[in-house]
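Structures follow.
In the two complexes that follow, chain A is the common piece, with chain B as its partner first and chain C second.
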Partner chain A sequence: MASSFDPETLGGKITQGRNRLLKKLLRNPDIVWRVEKRREAEIVKALEAGEDVSDKGSVILIISGMMHQLNLVGGKIWSLCDGQRSLGDLIEALAVEFEVERDELAEDVEGFVDDLLQRGWLKHG
Partner chain B sequence: MTIDLLDTPLRISWRLSPEGPLTDPDALIVADRLVEAGVFYVTLEGHPLACPAINDILRIFAGGGLQVMLICEGTAAELKYLHPGLPVRQLYLDVAPCLATDDFTSLSGQLESIRNQGFDPGLLLGPRHDNVAKIPRLFELCRAHQIPKIKLPNVGIDGSVKTLSEAGLVTPEDLQSLGRELAPEATSGLELEVHDLFLWELLCPDRQDSRSEYGGCQAANSLGHVDGSGDLYPCSSWPEKLGSLLDHSVEALWASPARLRIREEIAATPAGCRGCQDLSICFGGCRGLARTFNRHHGSRDPMCSEPRE
Partner chain C sequence: MADAVTELFSAPLTFNWTLSFRCNFSCSHCYSRDEQAEELPTADILRIIDILAEKQVPFINFGGGEPLIRDDLFEIADYATGKGLNVSMNSNGWLVDTAAANRLRACGFKSVGISIDSAEAALHDDFRNMPGSFDRAVAALDHLRRAGVRTTMSSVISRINYRNFRDLLDLARAHGVAQVYLHNFKCSGRGLKNREDLDLSPEEWKAFYVEALQVKQETTDLLISFDDPVISSLPGYDEKSLVSGSSCGKLSLHMRPNGDITPCGFIPLVVGNILKDDFDTLWYDSPILKKMRNKEASGKCMDCGAFEKCLGGCTARAFAVTGEFNQPDPHCWK
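Up next is the complex of A and B:
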């Protein structure tokens, strides 16, 4: 039985993964947005009290005239995407702020960023 | 669903006229307040182009990343101040005067003047009892002049619009009549921005999900209005002012007990809407006009005929 292990393919994937981690992320400049400070303070307080705050929005975005909101973690990621930081930088910054398993955090951040890239809300700078 | 109790409004309308009581330095203070508040969009109404401070106001807005919609009536006094590069995202020509008289002789010239300055104008009509039947004519005008954008804003009743009475409001009968007159493809190819829910329901039947994020009347939440004196209101249809932007920041007025009480009032189900199956869609419609003009019908939106079963 032939082995499915292909060093070249694996090497390519590792390089791609590294490149992905290093690419700078930039918010779509057509999107207007802001942090709702009062709401964010309430959510942080609720989080510290052990409540589930995943469905509570603290960042507002207007996209094609429609209002969207991001939750606390989504909002932090969005705020950090200033064209100076890469996916790896985002994971590093969030790891300091939130007590989550590193692999779990990386997977969640990557998934969220991929979603925003596909929507056109973020692009690689 | 929209977030309630925002820190400051996202959209502001500002009645800005040369004859208004605001001095030029005071107008600049108001402009700075709006930028400082993180407002996203401001619609300048009245005769903003003829206001001596307009260039400085637009410069402040552009510097703060605030996007400007500007309304003009196309008078010579306004158009002489229009020039290429003015930081205006969208200019709307108010066609209420020419629809009122059925005199469209100057419209082509006004549109040409605006286009010559590099702007792609939209048409605007503030819906009233005496002009709502002319909305199909408005659509024809847009097509004839190749203008896709139409804005039908809410009815302003702030201190600078003293002439409006209940008799001037669009009624449910007006809407029924308009519904009979509208051709099936009346709005095809047009980009409509319609504030009032019942008018929107009639004109945009195939865009029902475009209001899926709508969480009810946005007065004193994402909407705000500044009158000609620099006073901040919950919206242009709400008659109670929150305070002067010459004395307070937007954030301070948006955190005031008066604003919070208004949001509580808006959140309560109007007596006239009880039992209506569509309440979860319209949330009582325009609460400002209902509160001011329709208390005898349980403060139902004046454009709503009756609760639906």
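Up next is the complex of A and C:
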């Protein structure tokens, strides 16, 4: 019924150069989604306490009557894909918010975005 | 037995919103025809939409009463869609002419459902106590389709139509309907008063659903929906609901014309008022909603293996007949 996406397990390598980093990313407008704010606050608190929160969903997507959940990082990425930001912008924004080694972050974000593009949940704006 | 989904949600996915109990029809099964409530002015309704948008409630479905009785429906819908909400409604179709259909399209309705209870015009008109209503309802489907609005058809299953539900599906096909809701009969309001004439026996419900589920499995050109938790243990039931049992109070809430919130339109218990109370407090802490989300088996449900799936069936029906949420659904055949 529900599934979580863990950017840490979704690999991918930046292989298509700079242009790919500059393309704007846009959520599929047919997908209904919502940030579950109370849950998000609980997860942030757990993260600050040093807990592993990678399998805890804070953003829900309703797609063809099915619900999917995104974890904290996946939800941040999803929320940022408003048609105004590129992959490079996402990496910049997340680098400020999460203390992760830059190359590792870029690889994970690209892998996650690729997966969502393949599913048709994101598109290039 | 709370669902993990209910624990996760910060608000319902859908608000079923009765803007007015007024109606130009007087149907035999109506849950709300004898209800009365003060109606809010447009400004207050727009304030409610602001609250729903802030709480990120994605879907609003206007019902009633007849939604088009309110002259400001288009303004309200336009405001809601502008806030990013997905708006739909259920109507008897009487007031949906070409101009209205075009306005519904222009203000962003995702879909409009038209109530049709029999493919026989005379039977529908008699049930709805309105001569000519069948022709107007069918015409409404056509006006909406031509305007580019997705249409659905709502049919309350009762003694007048349960043997001929296939005719309703054929009628829907003939008029380009995308989805047919074969609604389960609710013994609320006039539905309770006229229950003996309209409701099926539990065995008849089972026979209907077994047949209808088979038709649904064989049908590829039309979506067929039931939304009745009592069927979750039947063979062929494969709907992937986000929650077990009734979705009311978990995935959806109902709002009365004065802003009072109830778990669903068929349960007349007020949880609070959206303009007067803090929504988060109502959603998370309402004793009524908590009770609906944590049903316990009683009576014959205690020894039934299906309870985990159906959670006692339709809570509204159980409450209407027994006054208790936890009693078994009176439609249950087990």
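The rule is short, and it goes like this: the second predicted complex is superposed on the first by the 109 of 125 C-alpha atoms of A that agree within 3 Å, B and C clash if a C-alpha of one lies under 4 Å from a C-alpha of the other, contacts with A are read in each partner's own complex, and residues count from 1 in each chain.
Keep this in mind: a contact is a pair of C-beta atoms (placed from the backbone, for glycine too) under 8 Å apart; a residue touches a chain by one contact, two chains touch by 3 or more.
The model shown is predicted, which means the values in this text are computed figures rather than measured ones.
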With the two structures overlaid on chain A, would chain B and chain C clash, or do they fit side by side? clash
Contact-wise, after the overlay, does A:Arg38 reach chain B, chain C, both or neither (first, second, both, neither)? both
When the two structures are overlaid on chain A, which partner does A:Val96 contact: first (chain B), second (chain C), both, or neither? neither
Who contacts more of chain A, chain B or chain C? C
Classify the contacts of A:Ala49 with the two partner chains as first (chain B alone), second (chain C alone), both, or neither. neither
Would you check which partner chain A:Ile60 touches, where first means chain B only, second means chain C only, and both and neither mean what they say? both
Overlap of chain B and chain C contacts on chain A, residues 32, 34, 36-39, 57, 60, 62, 66-67, 69
Given the complex with chain A, which residues does chain B contribute to the contact? 2-3, 5-7, 10, 38, 40-41, 65, 67, 210, 213, 222, 255
Mind listing the chain A positions that touch chain B in their complex? 32, 34, 36-39, 57, 60, 62, 66-69
Contact residues on chain C for chain A in the complex? 4-5, 8-11, 13, 56, 58-59, 86, 240, 242, 280, 284
For chain A, which residues are in contact with chain C within the complex? 1-2, 32-39, 57, 60, 62, 65-67, 69
